[in-house]
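Labels run A, B, C and D following the written order; every chain starts at residue 1.
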Amino acid sequence: MKAAERIRRQARLLSLSEAVAEYVRDGDVVAMEGFTHLIPFAAGHEVIRQGKRDLTLVRMTPDLIYDQLIGMGCARKLIFSWGGNPGVGSLHRFRDAVEHGWPRPLDLEEHSHAGMAQAYAAGAAGLPCAILRGYQGTDLARVNPNVRFIDCPFTGERLAAIPALRPDVAVIHAQRADRRGNVLIEGIVGVQKEVVLAAARAVVTVEEVVDDLRASGPNAVVLPSWTVDAIVEAPGGARPSYAHGYYGRDNAFYTAWDGISRDREAFLAWMREHVLRSGGGVRVPGSA
Amino acid sequence: MKAAERIRRQARLLSLSEAVAEYVRDGDVVAMEGFTHLIPFAAGHEVIRQGKRDLTLVRMTPDLIYDQLIGMGCARKLIFSWGGNPGVGSLHRFRDAVEHGWPRPLDLEEHSHAGMAQAYAAGAAGLPCAILRGYQGTDLARVNPNVRFIDCPFTGERLAAIPALRPDVAVIHAQRADRRGNVLIEGIVGVQKEVVLAAARAVVTVEEVVDDLRASGPNAVVLPSWTVDAIVEAPGGARPSYAHGYYGRDNAFYTAWDGISRDREAFLAWMREHVLRSGGGVRVPGSA
Amino acid sequence: MGAVADCSPSEMMIVAAARALSNDDVCFVGIGLPSAACNLARLTHAPEVTLIYESGTIETRPHVLPLSIGDPELCQTALTTVPVPEMFAYWLQGGRITVGFLAAAQIDRFGNINTTVIGSYGRPTVRLPGAGGAPEIASHCRQVFVIVSQTPRTFVPQVDFITSFGHGTGGDHRQRLGIRTAGPTLVVTDLAVLRPDPETRELVVTSLHPGVRREEVAAQTGWPVRFAPTVEETPPPSAHELAVLRDLVARSTPAAAPS
Amino acid sequence: MGAVADCSPSEMMIVAAARALSNDDVCFVGIGLPSAACNLARLTHAPEVTLIYESGTIETRPHVLPLSIGDPELCQTALTTVPVPEMFAYWLQGGRITVGFLAAAQIDRFGNINTTVIGSYGRPTVRLPGAGGAPEIASHCRQVFVIVSQTPRTFVPQVDFITSFGHGTGGDHRQRLGIRTAGPTLVVTDLAVLRPDPETRELVVTSLHPGVRREEVAAQTGWPVRFAPTVEETPPPSAHELAVLRDLVARSTPAAAPS
């Protein structure tokens, strides 16, 4: 009868520092997801403040959040599928780590979006691997031993296979949670449901904790409280990315980041000023 | 540049008889889906009235709609995963066909819900097969040659594989379509999106055609007009099943069907009275 | 004995089954008797039990018993409703369910369940509805509870067709097939409670309902049924359990209410 | 020639690319130049073109050019927004897209695209962003259009890394890999339009933008580029095309607007 305890979570309302301290551990495989929308920057900054080390960071689009974690030396490995500053250019801290090993070398496991999205889905679905028609003719299959091929047992067609992604901990940001800990995600929902269900532990920061979730219709994207470990109220916690229905994307800051992150010292100075010295971890320039 | 024409559909607003005459053909593999909710009875009755023959009927839960099609001799084969009258008992016309070959023998391809749902998803996803952890130890795998097993190329775990379902034509019922032909489905959405995307042709009956789809939120289940061939306005077209937001399930009729369908003559008399002689095809007892 | 006298064997069965659920359970609910037992639990000692129906309705709180697995009541009272492929992939196969609650047409001494055919598959004497979600419910839920009336027709030495794999031929058969879950750990009937022997996994009687004698159970079982070293007596339904069950049945469609 | 004189090569490139789309197309849109071209098409001759971005936004009609693939504008103006795994499985891999519109860091004479590394993968001189959706866009869309500025650095004999497979080593290489789609059928640059030779699949110049000479194109191509038997002159942007493009750029974030 106690089987329940092994697989049923129960969301607790915690502070950001409590949640990160308890659920993000040195050496973890950590997936902070959010496809352009609802990127959990506040949580990422708290991970930096707490000086987590040797993380394997998993994210389809590393974005500024992982550029910052990589630049601050939190990561030993990155599993990803597109590592740029969207519409702006390079992630300079990511490039510096890959090209010059600063502040430390960064192992890469590289996929396509299609492969990585299905790998998360396979993790959520309790499958050991995902299959897709993909990677045909690409060098990704050559450099990534985690891209293999199988034959369809009915047609003989060659299909790509990728191991399921099952992070130690998933971290996402959502619009709302109710007091029981149920979570609502709206807009560009990305792979957030998949990463939470695939991970052993799940931390969700939200814009607000409310009495009524105000889900739009019976098929809204809702994560039940028993699929989440920690709920953290972190208004603005997705800035400089955005929260549909709450605030817009700070495109000016994404553009400014190119200059801030190009130089190691300028980057470190910015992080000291805006992340390390900040308590809440949600203060980001241009997010006023 | 004309590649478009081969894969892009454009929904046309047709009458029920026009849509069935044009898109449902003798010998077709036909999937009329709707998981308890939004079962396309009006369309099924029109298929019977037009005397379609040699159909391979595909449906997770054959329900009364396929009991009627089977009893009227439209089907030569059934691909399914649960063939009962929900909460009531047997589908007597289905049983009569399987047990006594009346009115004609019925070939069976039988799956579990999990297998069949993933087979539809694989069809929608353009994959030749679906993989799942399923069928372990069951006799279904013994009697169905379309259940095979593969080994995960990473863990070696044995996984079941099923061929993708790709019907010739999908028929579903939905709440609304707008005048461009975009379709909204709400409530228990079942496998309707999957079957429409998996099928070569798609017919959608709706409660009403409206100017504004009134989708609830950005993530509502919507089928774009270019994924559908025909839209048919058929109010009440899901009775005696139901349409969330429009009318409830006629549980009394589902219960009464047990008596109506038990006897061949009583069944035929009912079909003559309520389906064959009915124009609109949406008149079902107890649905007042 | 008062409470017993005026409760039916079916009521005793549903009450005994309901008691096996706790607030910590996430339960995948079959239609009919399982649905009655699960909602009775929710309306009595386990108000926080999470009920999921394969139609995609998650954390549903029906006011009346549904006739079908997808009645409007289930969606209207659910926390959320997901597509059916997601339900089976992310929620069931994903290993998020603690208890699968099933009925059966036939169950054998090792807890294998048949809902497909009586007789041979090719030429069945009775064609039953088939598998539905049961095969994967039986393999993916941490444990499986079965609720079924006990007769020699339903309790057979070996099922005609294994729709849902229980303990196979017993022992470690599940593990040998790579199945990681416990399988049937509890079978509640209108006469008794049976559980698998820890070693052989054969279903043995661990509790008799009030007023039921061993001979009756033996007579209603298609194999020489064994009894646990200590056989308990099932506590009779409390007045409260009975009242809640009868209210629930009374406000549900006759067809949906177990007789 | 008037229109040409006061339009930039970049504007000519975007206009020429936009013209390749029709109302019948369902287009999977890359960010940057492809997004500018696709929305120009939608705002001029192809108001019914269906635009899809990999963030899950289907049939979107942004009023301004998005900076990222998931800007709020895209979701707010979309018919519907689906999860990312569904986007890649049901919509892209499902074969529902007629045109994939891509940019490139390097493209070679057979239309293979590199957005991963300059130099060796293990020790790159420049680490580029990587694949994103491009590998499967290149294999699943019925055809692929590429828009890229033409320089010897971008137009190389052979890409350092095949991120997205074009025509491989030419001929029937795609078919030999079991890829059923046409691959790159059109490459639009700031100087010219190139298309694959029907036999060899080598990219050849089929149209020169107004005022561009063959020598300039040859000088900006990293291999001895060939010209089609008849090379046309790209019709210059109309006043309307130019006005709409400049309005679109003017109302978009500077960073999102191609210079």
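A few remarks follow.
Everything that follows uses one rule, which is that a contact is a pair of C-beta atoms (placed from the backbone, for glycine too) under 8 Å apart; a residue touches a chain by one contact, two chains touch by 3 or more.
Source: prediction; values computed, not measured.
Chains making contact with chain A as well as with chain B: C, D. Distance between chain A and chain D, defined via averaged C-alpha coordinates, is recorded as 29 Å.
Centroids of chain A and chain C (each the mean of its C-alpha atoms) stand 40 Å apart. Mean C-alpha position of chain C lies 58 Å from that of chain D. Chain contacts: chain C has residues 75, 81, 89, 93, 140 touching two or more partner chains. The multi-chain contact residues of chain A, meaning those touching 2 or more other chains, are 121, 126-127, 132-133, 157, 187, 189, 193-194, 218-221, 244.
By the definition given earlier, chain contacts exist for A-B, A-C, A-D, B-C, B-D. Every residue of chain D that touches chain A in the complex is listed here, in rising order: 31-32, 54-57, 66-72, 74-75, 81, 83-85, 87-89, 92-93, 116, 121, 124-136, 139-140, 161-165, 168, 173-174, 177-179, 253-256. Interface of chain A with chain D (complex): residues 35-37, 60-61, 80-84, 86-88, 90-91, 94-95, 98-99, 110-114, 117-118, 120-121, 132-140, 143, 157-158, 187-191, 193-194, 221, 242, 244, 248-249, 251-252, 254-255. The touching residues of chain B, counted against chain A in their complex, run 126-129, 131-133, 146, 148-150, 152-155, 157, 159, 161, 163, 186-187, 189, 216-221, 244.
Those residues of chain B whose C-beta lies close enough to touch chain D in the complex are 1, 3-8, 121, 124-127, 182, 193-194, 197, 215, 218-222, 224, 226-227. Across the complex, chain B is touched by residues 20, 22, 24-26, 50, 58-59, 75-76, 78-82, 89-90, 93-99, 140, 142-143, 182 of chain D.
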